[in-house]
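What follows is a pair of complexes built around chain A, which joins chain B in one and chain C in the other.
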Partner chain A sequence: MSLDQAGPAAPPAPGPATRTAGRRGAGAVGRRRNGGRSGRRWTPWLFLAPALLLFLYFKFIPMVSALTMSFQEVQPYLGNTWVGTENYTTVLQSSGFREAAWHTVVLAAGQTAGSMALGLALALLMEGQSRRLGFVRSAAFLPVVVPIAVVAELWRIMYHPTEDGMLNSLLGLVGFGPSGFINDPDTSMASIMLTGIWRGAPYDMMIFLAGLTGVDRGLYEAAKVDGASRWQRIRYVTVPGLRSVFSILFILAAIRGLRVFTEVFLLTNGGPDGSTEVVMTLIYKLGLEQNRLGVGAAGAVLLFVATLILTVVVQLLRRRESK
Partner chain B sequence: MSAPTETALGLTESRSPGGRALKAVVYLLVLIVFAGPLLALLVSAFGHVKDPTQLSVIPSGVTLDNFTVAFDQGVLAYLLNSFFVVGFGLLLQVAVSVLAGYALARKVFPGMTLVLVAILATLMLPEEILALPLSLILSDLPLLHVNLIGTLAGMIVPLGAWGFSILVMTEFMKDVPRELEEAARIDGAGDLRIFFQIILPMCKPALGVIGVFGFTMIWDQYLLPLLVSVDASSYTLPLALRTLRIDPDVTPGVVMAAALLALLPSVIVFLFFQRSFVSGLSSGALKG
Partner chain C sequence: MRRSRWIGAGFLASALVLTSCTSGPAGVDAKQDPHATLELWTRTKPGGPGEQGTLRLAQAFEKATGHKVKITAIFDDFETKLQQRAAQKKLPDIVMNDVTQLGAMHSQGLLREIDLSKIKNSKDLIGQGLDSGKSVQGKQYALPYSAQASALLIRKDWRQKLKLDAPRTWDDFAAMAKAFTTQDPDGDGKQNTAGLAAPLSTKRGYASWYFSNFLWAAGGDFITESGKGTYRPAMTSKASVEAMRWFRDLGCKDKSVQPGSVTMDTPPTNETFEAGKTGMFVVGPYLLPRFDETLGKDTYEVVPMPKGPKDATVLAEGGSVYLMAGSENRAGQDAFVDFAISAQGQKVGMEGDTGFVVQLPVNKTVNISQVRPDPRWKTYAEVYLASGRYAPSIPNWTPVRQATADTVNALMADCGLDLQAKLGELDKQLAGILKEQGIAAS
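And now, the complex of A and B:
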């Protein structure tokens, strides 16, 4: 068997033992026990089978069927008819969808910017090692692990629109007052955004904190020697050092924002007067309440294309910048 | 975290009374903003809160009435549903991830790159976008013709494979020394034996990471249970919160009591496994 320990130049298929030995490079000992050629070759696939099967059923088949559904008039139990791009025309021409798309973009942009700005501020303030800081950081991180449904119900009550609602009584203390929050079309979007930032900022903070540990400490010392102010240190040392963290957080947060569903569904369900209708709540209503599955699927495909484009664009920008 | 030398703001250096006071104010503010609402939830779950305007962080007496009413409303059944889903979901997810991770980390086979790309692709495919076709597929699984709508299995099986867990396991298993595996092979151990007796025991930290993340992910599910359930008998606790809120006989105190039960498990898991949580979070995100 030791003769089988051929170098990397071993032909690809003389026998299973040689194959593994060859690919693993020097020092690898060929497997010698049981099984014919086919058994060996199938081993990795046996280990992968559960994962691939589940992905096939619950990711890839739904993806393909979303695509085909978007070109069909879907009638469960009656059979689907091919309608070409009609669903897409319907979606793109409906003012409801255009408005929902705009709301989604506004919400995604607001939440992304808000969470990142606040997250960076928190990370800068709480960088360091002391025990007390660890406690504050953990406490600040709690919103991230609280289930989204709980967050929504909690904020719903906090946003109670009368003068003695929780947040309104706080506003009253500083002389503002009472806001309708999610019950008022003028403030509903901002209110959902605020809830999203509350839950998103601590997450961004943790990622920024991890990124900050990678910033070269020596550069701070050097900046200090050069007499740089705190602001200059952040501007010229910290921010450039965090560049890759920024773009990753941006992609993550923006995609999270585009697919937002649960908090809007629970806080306002698109209301009042459609002021917070986002693409996902609209798709949910089209598909599961009005049974217009084809039109809903077309909306979903468009949303997917948007997230894909966003990811690709940000990656390209990153690559160009790093050159 | 690195040594306590220079930080961006240099706040740790300031030892002056003014600097310390400023820091204390900042940290207090952070606590109020991020932990305050959760404290309000806690206080109202145990308080006599009859209408939403009474919600506050100042305790108004301690009572278990809210929990009694919540249990009368069937919260225990919802909680059991949630535990069932998270228990079996996590078991399935961990099993699937370690198996797949083993193949991807320890084997070289044609088509491996394709599999990795497919797994990465699933991570970029938001579940929300698949909601409509998924609900149809769950009502009639292709080839098997099983209807999972209205069953807890329908909330569990789709979460069995999660790209994140598989990739974490793969990365970790790559670092298990080859020599150990080769020695075992010389001693005549087969794939299964090597997997169970050598690789898995070495992967305890990674198991911790995927366990914590899998738990949080499954416990936080909303859309999938919403698609799958047809009536209250299969509601998970997060779903049931909305039903409770809409019920005119239920006070906000009761909703908050149920909400407390719904958030406690994930908060406990987070507090216990903070270290692996935070390290998994940053490595996962920074590796992209």
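And now, the complex of A and C:
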């Protein structure tokens, strides 16, 4: 940006002066002020630069690279060759991908709804100022901080499909027969979903707890005075007060659900009989196990687009609601 | 356009330039330096006994030839990391990896052809081992340094308690599996044991890998060669269907396969045998040191697999030495592979109780009984020679293994599925894979 361009933004020189002198004076002030302003303009970028460079190198370049790869047959040593939209056709025409996409949507919806419902219930139960509650909240939050590999191994043990398995012995106490859980195509998806809800709910609980502090206590008291029941207070005071929390959590949980990988990979690897195959496990198999990186990249781009659309739609809905 | 937008556009353009730089054509032959240190990658756990064994082999090689070797042990995502080096056009000089990786690495141009006239010890290689290093066109692109084949591990105490003989036929096998499942062989008063340990997860294609021992013994096949390096799907052949039906009945009718097998890969399956939950396990010799430690040598025995409807063919596997393209020390590469398959190299590779890199020798002048007096190793060596069969060297075996694993897993997980229809679907899928790889029979 030149000084002349900066001129109009500078105030006119005060006092009686010739036109030339005035312009010169304005230029001097403009130069001084512009110098200061441009310094201020660059300062945040300088602070952001390290993070941006890291993002560029480890996030944006790989993303562009994946986009490029999705149009190529990837052969790193021989040189990649352009194949146009062939990889996308392969992915979209594969029945495996369509099934995996459906499983992903079901799992994402189930885990999102389950985690939010359980998270809200836990938050309502653990809301308050008591010191003991802090300990209970930390304990409830443990599933989030435990590594997912450990979580998967714990649930694998709990899901042991014989009568002496941990969950099956509980089922036996109430008269139900042993379930195959992750080993039965009919129950595997629900089992993975349950593990996801167990892990995701405490995270949602913490966000809800933070949101609950912003709900006006006076509204509860007014509702109570008006004779509202506990359920009515939750429905007409708490839930509307948490609207923005709900939408943020929904986006976070839905993205988490669409990108589900580790628990499925560790517990079932998409089996049995492909009943828990999700897009991410399929991409992993195509790209890294079968060395078809171009096809895998096309699947990843499609998943990215789906996630982006979901996020934008939710944001638009939020904006419309706030208007 | 505002300056910030120009900056953004600049970043994006730089990213595109940088990413496009990674996809140029392969480099030409590197300038040769016979004194250059050889970079060797081996697929084993870093810091584990496998790495120690490879270091011993490398030290013996350095002493014998004067070439220097730098070892890198990688276990997780080995192939991905190799692809990253391929993208940088800076491959390691030597890779020691599974024999089944030949097709994938060769088809991507990562390997250089081996001139057998320069590898004097290649004349001593066991024939099927030598063949395992040939590409689909019959050219030598790898040499094996270690072999293994599957044999049957049986809980000896259980077998003796139930007064059973080691199985000689598939009927004996099924009967023993059923007896171990229903007759309380561990004597705890509960029916909490299973006859057969089987990793039937789809992970890395384990279900297919395990089932191949039964499929081939029945005379069936995943894909069958139709001449001139072409293949056709074979999972709907009579023998393949019968093999699948028989194997499925072990799980679905007799309930003789361990519960949860369809989501188990090898570690949890190994644990069922160690924990006394399963009585038979078809597996290679690499687990003997582990089971000797956890179960005790006398608790279990090793016998050849019983004869199936056709013969006693079992899966043969192992590790190969791959000489990577673009090396600046091809003489050193040749010297290493020559040493690895020599009698001296094989013996060094077999040293140690746990950290041996050579399971069964591939050099026919090496007598395993002299290096390892344990008769169980001799059993494995005899099985490998008499009945071992490698997976075919097609451009990419992994999709075939993955597709067949998915189907075996499905049929074992859901006993209500129509077997014939499912195998028909698999054959269609295999036909597509073969076509994609350019080796489908017309």
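In this text, the second predicted complex is superposed on the first by the 271 of 323 C-alpha atoms of A that agree within 3 Å, B and C clash if a C-alpha of one lies under 4 Å from a C-alpha of the other, contacts with A are read in each partner's own complex, and residues count from 1 in each chain.
In this section, contacts are C-beta pairs under 8 Å (C-beta built on N, C-alpha and C of every residue); 3 or more make two chains touch, one makes a residue touch a chain.
Everything quoted here is computed from the prediction, not taken from an experiment.
Peer 1: Once the two structures are overlaid on chain A, check if chain B and chain C clash or fit side by side.
Peer 2: Superposition result for chain B and chain C: clash.
Peer 1: If you stack the two complexes on chain A, which partner ends up touching A:Leu267: first (chain B), second (chain C), both, or neither?
Peer 2: Only chain C; A:Leu267 stays clear of chain B.
Peer 1: For A:Gly119, select first, second, both or neither according to whether it touches chain B, chain C, the two together, or no partner.
Peer 2: neither
Peer 1: With both complexes overlaid on chain A, does A:Gly110 touch chain B (first), chain C (second), both or neither?
Peer 2: The answer is neither, since A:Gly110 touches no partner chain.
Peer 1: Using the touch criterion from the header, give the chain among chain B and chain C with more contacted residues in chain A.
Peer 2: Chain A has more residues touched by B than by the other partner.
Peer 1: Once the shared chain is lined up, is A:Ile255 touching chain B (first), chain C (second), both, or neither of them?
Peer 2: So A:Ile255 only meets chain B here.
Peer 1: Name the contact category of A:Gly200: first (chain B only), second (chain C only), both, or neither.
Peer 2: Once the two structures are laid over each other on A, A:Gly200 reaches no partner at all.
Peer 1: Examine A:Pro143 and indicate which partner it touches, taking first as chain B and second as chain C; both and neither are also allowed.
Peer 2: Only chain B is touched by A:Pro143; chain C is not.
Peer 1: Just which bits of chain A does chain B share with chain C as contact spots?
Peer 2: Comparing the two interfaces on chain A, one with chain B and one with chain C, the shared residues are 60-61, 65, 76, 156, 160, 162, 164, 288, 293.
Peer 1: Where on chain A does chain B make contact in their complex?
Peer 2: Touch residues, chain A against chain B: 20, 23-24, 27-29, 31-34, 41, 43-45, 47-48, 50-52, 54-55, 57-63, 65-66, 69, 76, 122, 124-130, 132-133, 136, 138-143, 145-150, 153-158, 160, 162, 164-166, 169, 198, 202-203, 206-207, 209-213, 215, 217, 220-221, 224, 230, 233-234, 237-238, 244-245, 248-249, 252, 255, 259, 261-262, 266, 280, 283-284, 287-288, 293, 296-297, 300-301, 303-304, 307-308, 311.
Peer 1: Enumerate the contact residues on chain A facing chain C in the complex.
Peer 2: Contact set of chain A toward chain C: 1, 56, 60-61, 64-65, 68, 72, 75-80, 156, 160-162, 164, 182-185, 267-275, 285, 288-293.
Peer 1: Which residues of chain C touch chain A in the complex?
Peer 2: 3, 11-12, 14-16, 18-20, 22-26, 77, 79-80, 83-84, 86-87, 89, 91, 104, 108-110, 192, 201-204, 259-263, 265, 268, 325-326, 396, 398-399, 402, 406, 409-410, 412-414, 417
Peer 1: What residues of chain B sit close enough to touch chain A in their complex?
Peer 2: Against chain A, chain B makes touches at 1-12, 26-27, 30-31, 33-35, 37-38, 40-41, 44, 52-53, 55-56, 95-97, 99-100, 102-104, 107-109, 112, 115, 118-119, 122, 124-126, 128-137, 141-142, 157-158, 160-161, 166, 178, 182, 185-186, 188-191, 195, 216, 219-220, 222-223, 227, 238-239, 241-242, 245, 252, 255-256, 259, 262-263, 266-267, 269-271, 274, 278, 281-282, 285-286, 288.
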